[in-house]
Amino acid sequence: MKLLLINPNISDSVSELIAAEARASAPEGCEITVMTAPFGVAYIETRFEALIGAYATAQLAAEHHAGHDAVIVAAFGDPGLAALREVLPVPVLGLTESALASACLLGHRFSIVAISQRIQAWYREVVEWHGLQQRLASIRALDRPLASIGAVQADHGERLKALCEQVVAEDGAEVIILAGAPLAGLARSLRGQLPVPVVEGVSSAVRHAVSMVALQPGRARSGSFAPPPQKAHQGLPEAIARLLAAG
Amino acid sequence: MKLLLINPNISDSVSELIAAEARASAPEGCEITVMTAPFGVAYIETRFEALIGAYATAQLAAEHHAGHDAVIVAAFGDPGLAALREVLPVPVLGLTESALASACLLGHRFSIVAISQRIQAWYREVVEWHGLQQRLASIRALDRPLASIGAVQADHGERLKALCEQVVAEDGAEVIILAGAPLAGLARSLRGQLPVPVVEGVSSAVRHAVSMVALQPGRARSGSFAPPPQKAHQGLPEAIARLLAAG
Amino acid sequence: MKLLLINPNISDSVSELIAAEARASAPEGCEITVMTAPFGVAYIETRFEALIGAYATAQLAAEHHAGHDAVIVAAFGDPGLAALREVLPVPVLGLTESALASACLLGHRFSIVAISQRIQAWYREVVEWHGLQQRLASIRALDRPLASIGAVQADHGERLKALCEQVVAEDGAEVIILAGAPLAGLARSLRGQLPVPVVEGVSSAVRHAVSMVALQPGRARSGSFAPPPQKAHQGLPEAIARLLAAG
Amino acid sequence: MKLLLINPNISDSVSELIAAEARASAPEGCEITVMTAPFGVAYIETRFEALIGAYATAQLAAEHHAGHDAVIVAAFGDPGLAALREVLPVPVLGLTESALASACLLGHRFSIVAISQRIQAWYREVVEWHGLQQRLASIRALDRPLASIGAVQADHGERLKALCEQVVAEDGAEVIILAGAPLAGLARSLRGQLPVPVVEGVSSAVRHAVSMVALQPGRARSGSFAPPPQKAHQGLPEAIARLLAAG
Amino acid sequence: MKLLLINPNISDSVSELIAAEARASAPEGCEITVMTAPFGVAYIETRFEALIGAYATAQLAAEHHAGHDAVIVAAFGDPGLAALREVLPVPVLGLTESALASACLLGHRFSIVAISQRIQAWYREVVEWHGLQQRLASIRALDRPLASIGAVQADHGERLKALCEQVVAEDGAEVIILAGAPLAGLARSLRGQLPVPVVEGVSSAVRHAVSMVALQPGRARSGSFAPPPQKAHQGLPEAIARLLAAG
Amino acid sequence: MKLLLINPNISDSVSELIAAEARASAPEGCEITVMTAPFGVAYIETRFEALIGAYATAQLAAEHHAGHDAVIVAAFGDPGLAALREVLPVPVLGLTESALASACLLGHRFSIVAISQRIQAWYREVVEWHGLQQRLASIRALDRPLASIGAVQADHGERLKALCEQVVAEDGAEVIILAGAPLAGLARSLRGQLPVPVVEGVSSAVRHAVSMVALQPGRARSGSFAPPPQKAHQGLPEAIARLLAAG
């Protein structure tokens, strides 16, 4: 099985974290490819940055999905996820959606621990988009500048753990979601140290991608996730045009 | 006052409908500019097409917003709206959001009449994103192929009016929203013919844009609609890079 | 264009604030009339006071709406608004509904800053009635006695500004709503001093009233906002009886 | 125990139905008084009619509550209920609220069967105000003109029963609420004829009023149901002024 | 009238509290029987303990309901309530459901005061199951170990009263629900000492049971509360088998 | 890896379907054990039957979980799932929860196709318990008696397929959930024949159980899914008593 993970951001250091956690959590024989957006920002905290990341992801996915069994949008917030699900012939998963699915299988109410104050509003809207606001106990986040996006775990490890303890003790979290690709691997390194189950997006997405491939649920040929109807277009990157034509 | 309306699609015929309705509904002295996306599809029905339209809109807005008092994303579904609200120094409005605001000022429950079956799921998600699902009586849509996107009103006028009557009689609509830029002007031409108030996006957006400019509520310097924090980026169109730098 | 604003309370000092802000925010050529309830209380904080204010408003509206293009219920909480929308032949708007519409056009989550602790429960219920509870970040209010309802801004200006800063910093407000007719004009005097957009009811209602008149959406002849069905009645003020007869 | 039921409408024939059902359902020794609004309409179907009925009810309650152990607002829709709960020194109940409480004790999802098409929107809003929309299976209503409001049961009995059967068979109702004071007594006469439990407002309100008196839960001296704060007022009916002074 | 209250737990001391409060709140002539679960735990705080309590309650109800006019599941959380409502030929009520009904008749938003931190999540889920989360102001609970479940009121009386004051002052509770059979009688002993109405489950359930018997709403013969369809079974306690056969 | 699936019902024929689908969908090297409830009913359609099934499942799980890496409650509706999650030292999954997780990874709105009319209300409540009602497009079900619970697929195959087509065409389902252990294997045999993705509970639960074991999220030692606090108990089956003691 071959999985393509697309980092919607330009940060190679984060792509390395993604790749390491993806490989560590994939079953034997599952081949992992991680691509980094050729354009965009270092990491997404806002809706506008997500808009850019979504388009970069779409281009990479259009160009490179062939030969893979599933595609993973590897940023929390899942920029472009629902859009790509319409046009790609294989399952598409995102970090948020996958982490939410894991959390829902482990408890009733979950909290999200995130890397910046600014990022929280966007995450809240994504949870609302999924209709899961009733199960969201809280979102808490680091409140310090991030010197290096690839080193957040090293630079802020203690504080992140403290936030995890806080959402359990004060907010009633029954499951913790560590949010954001820069935290890939942190759930693994915190194993056994927290009082409730902890999940994160990369490992969840890899595992659920494997499951969705195995289940063979079939692709939508009707309804709102079927390929878009054929219609005039112009000026699109060739790979995207090909996707639309293949619909 | 100068308003910039951006058609996220490549259809000049729809831009003309937008321009005509915008000018008809603008107060005296309000100058209307309509731009058409240089790349994209003929009209948006799906999340993937909206992803493309959002990026095209962002580029046009970045390049051309200077000198305007407000910017309007001129497609129902509002592709890129919340994102642009973060980065542009002037109010940004969308057709859906504006039509919803008008509808909420005229009654409690509204229905949306739309141009294609496929488009309905996306519209429903936009209404949910706004948190207004409790006030949505129904969405109904044309079920015929659209020979010409600029001629939907002419080709399907009777059926659209019948759908309007149906949402009142069967779904309990207290207000009708005619959805989609291709229907710009239809509320005007149906005036007096329907048993409940009727609104559409272009005129609503123009009027609410004028109000938001007049009210001078101030721009977000904090919170999730403030400009994105400064951070590394690469490969972005120059106008978008300038926007991020101006944050 | 002629707008009739009805203060559902007996406080002339508040009517003056309403009139000043209404005139300051109205477009040129828009004529503003403000009427004060002949019976009732000094200001509404409770459901019972709102019941009284609603009836007083209904009587004034019935007697005086003729010759106006729109009517505005000029108390936050909108006593009698939906009821009057059924019987008056012109658009009817309220301060809360209008401020909510403005806030929704400027951000996703809003907070309400109000003049008394007691008033908060009623405001929350009004927001819930509009179905917007998911977008309500918080309500915060003054906790001191109000010596003079017409002088709240002067007496409590610093504390009101501090509450505004608090809802942004602690509650995640992306837009601030200054609630209550006694705060009419405060958004204007705080311009540029707060980190997120600020709106209030009077200016929002005036602007949206102008828009609703301009859009000519039509009056309900069917559904729950059509005039009440003809039926026996007795003992009603003559103007109200006339309204029911005109249905 | 003495209960005061106030018919917010001018229809003596409906007051008689209310009185008969109230007496039939009250426990031994419970004294029933029914008063009819001196001004207003024949029956309430709309928000404006409810506004009038609320004010009439408030006046009657203010004048006549003394000496009673509880007051019942005897129209479905409960005009003025929450307002009166603030100012009266005894429990206040309404027909809708009481029927909803009964329905919730008998099943999970309920349907409302009502007397006119027009009345449905208002009932839906009342259910939403109570936060019970998730448990509302449907509202169905007569669609014929009502020749005599006091004779609805006689004139439309078969159709009402058919509507009851329909909400069970088609809408999944687990409990039926017969809505509207003109249907007082119908649940009693349909006993044993319907496949799910049936409740109505008058008997429910009488029984729950007795319970609330017996439980002695105490009156609010704080929070939003405490008496309104003392403040200036003018022009109010003497009994209402007394209520405000007693706060 | 004869009411059977079933304590789903093995604690005789709590059964005595239940019996005392039930008898104190029942109308004259109402005969109270309280049974204690022959197997299970001392008191229920968790979903697993509720599962055990539900089965114990089902067995007792199956064996002993005959001759009673209504059955009350006498633990907050209502283990097995909806299930028993399907199979018993008489009304079945629970403490939570009954206290919620009382609270909804006395105010708009309520808080729950409970006996242990652990118990809160389960209570929250029960409130959500009833669809009343919008009206839940807060849940607060004791945070000390309970030396004796039958002596909670004596051991923690001051702290419980303080929690009651806190939910009013800080959480906006308009009504207080004292939760848990071990608190039976506490509302009675706190009468007049708290600033908003206070209710608890046992007295509410007894009163509402009397009402549901008096109203004679009829038993479900259709829909999801009708007796389960006949089908093969094996190994069931004889009384439960009889219930299924009687369907 | 070893998975224990517990059929909460007494139907060996359904256990065989469960075992076959579990083995077909498990990854290589995953060992499947299926146990059948020693007491209970043939299949669960109602809350009371679920109460019995929950207790039977708890006993089997207590006795037999040792040596397994995860436990699956193998009935749609998940009787006892949340309860067992508190007490078992390994991940516990249910068919409904797992199918919902799969559906949410494949589309936005899903429909449930079920085996009997009666079963629908219970399923709806389970979806509501998960907070996913906004994403539930519809529930549709067979309306014929089930001659043999192990042969539902053979006896009603055409009708089940027709229901699947109906939820897509009429209800807007983007994903179909085939509900109920008696339908285990049907998604597999319908592969490629339906216009949207199709999932069911057994294969979803097996796959997600494997993922939850692989992710090693940790067990709750705090919060509402931690083992129940130690307390007095009596009369419990030995295995359950051991579980409580191990907490």
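Each chain carries a letter (A, B, C, D, E and F) given by its place in the written order, and its residues are counted from 1.
Just so we're on the same page, a contact is a pair of C-beta atoms (placed from the backbone, for glycine too) under 8 Å apart; a residue touches a chain by one contact, two chains touch by 3 or more.
Here's who's who by UniProt: A, B, C, D, E, F = Asp/Glu/hydantoin racemase.
Remember, it's a predicted structure, so these values are computed and weren't measured experimentally.
**Student:** Chain by chain, through touching neighbours only, how many steps does the shortest route from chain D (Asp/Glu/hydantoin racemase) to chain F (Asp/Glu/hydantoin racemase) take?
**Tutor:** Each step joins two touching chains, and the minimum needed here is 1.
**Student:** Give me the chains shared as neighbours by chain D (Asp/Glu/hydantoin racemase) and chain E (Asp/Glu/hydantoin racemase).
**Tutor:** The shared contacts of chain D (Asp/Glu/hydantoin racemase) and chain E (Asp/Glu/hydantoin racemase), listed by label, come to C, F.
**Student:** Between chain pairs E-F and B-F, which one is joined by a greater number of C-beta pairs in contact?
**Tutor:** Looking at contacts between chains, E-F has the larger number.
**Student:** Hey, which one of D-F, B-C or A-C is the same interface as D-E, over half the contact pairs lining up?
**Tutor:** B-C
**Student:** Averaged over CA atoms, how far is the centre of chain C (Asp/Glu/hydantoin racemase) from the centre of chain D (Asp/Glu/hydantoin racemase)? Could you give it in whole Å?
**Tutor:** 29
**Student:** Rounded to a whole Å, what is the gap between the Cα centroids of chain C (Asp/Glu/hydantoin racemase) and chain E (Asp/Glu/hydantoin racemase)?
**Tutor:** Distance between chain centres, rounded to whole Å: 43 Å.
**Student:** In chain E (Asp/Glu/hydantoin racemase), what residues contact two or more other chains?
**Tutor:** Touching at least two other chains: 82, 85, 108, 120-121, 125, 128, 131, 134, 172, 174, 223-224.
**Student:** So which chains end up touching which?
**Tutor:** A-B, A-C, A-E, A-F, B-C, B-D, B-F, C-D, C-E, D-E, D-F, E-F
**Student:** Where on chain B (Asp/Glu/hydantoin racemase) is chain A (Asp/Glu/hydantoin racemase) touching in the complex?
**Tutor:** Of all residues in chain B (Asp/Glu/hydantoin racemase), those touching chain A (Asp/Glu/hydantoin racemase) are 10-11, 38-43, 45-52, 54-55, 58, 80, 82-87, 116, 118, 120-122, 125, 128-129, 131, 223-224, 226, 228-229, 231-236, 240, 244.
**Student:** How about chain E (Asp/Glu/hydantoin racemase): which of its residues touch chain C (Asp/Glu/hydantoin racemase) in the complex?
**Tutor:** 108-109, 134, 172, 174
**Student:** Given the complex with chain C (Asp/Glu/hydantoin racemase), which residues does chain A (Asp/Glu/hydantoin racemase) contribute to the contact?
**Tutor:** 120-121, 125, 128, 133
**Student:** Given the complex with chain E (Asp/Glu/hydantoin racemase), which residues does chain D (Asp/Glu/hydantoin racemase) contribute to the contact?
**Tutor:** 25, 27, 82, 85, 91, 93, 97-98, 100-102, 104-108, 130-135, 168-169, 172-175, 187, 191-192, 194-199, 203-204, 207-208, 210-212, 214-226
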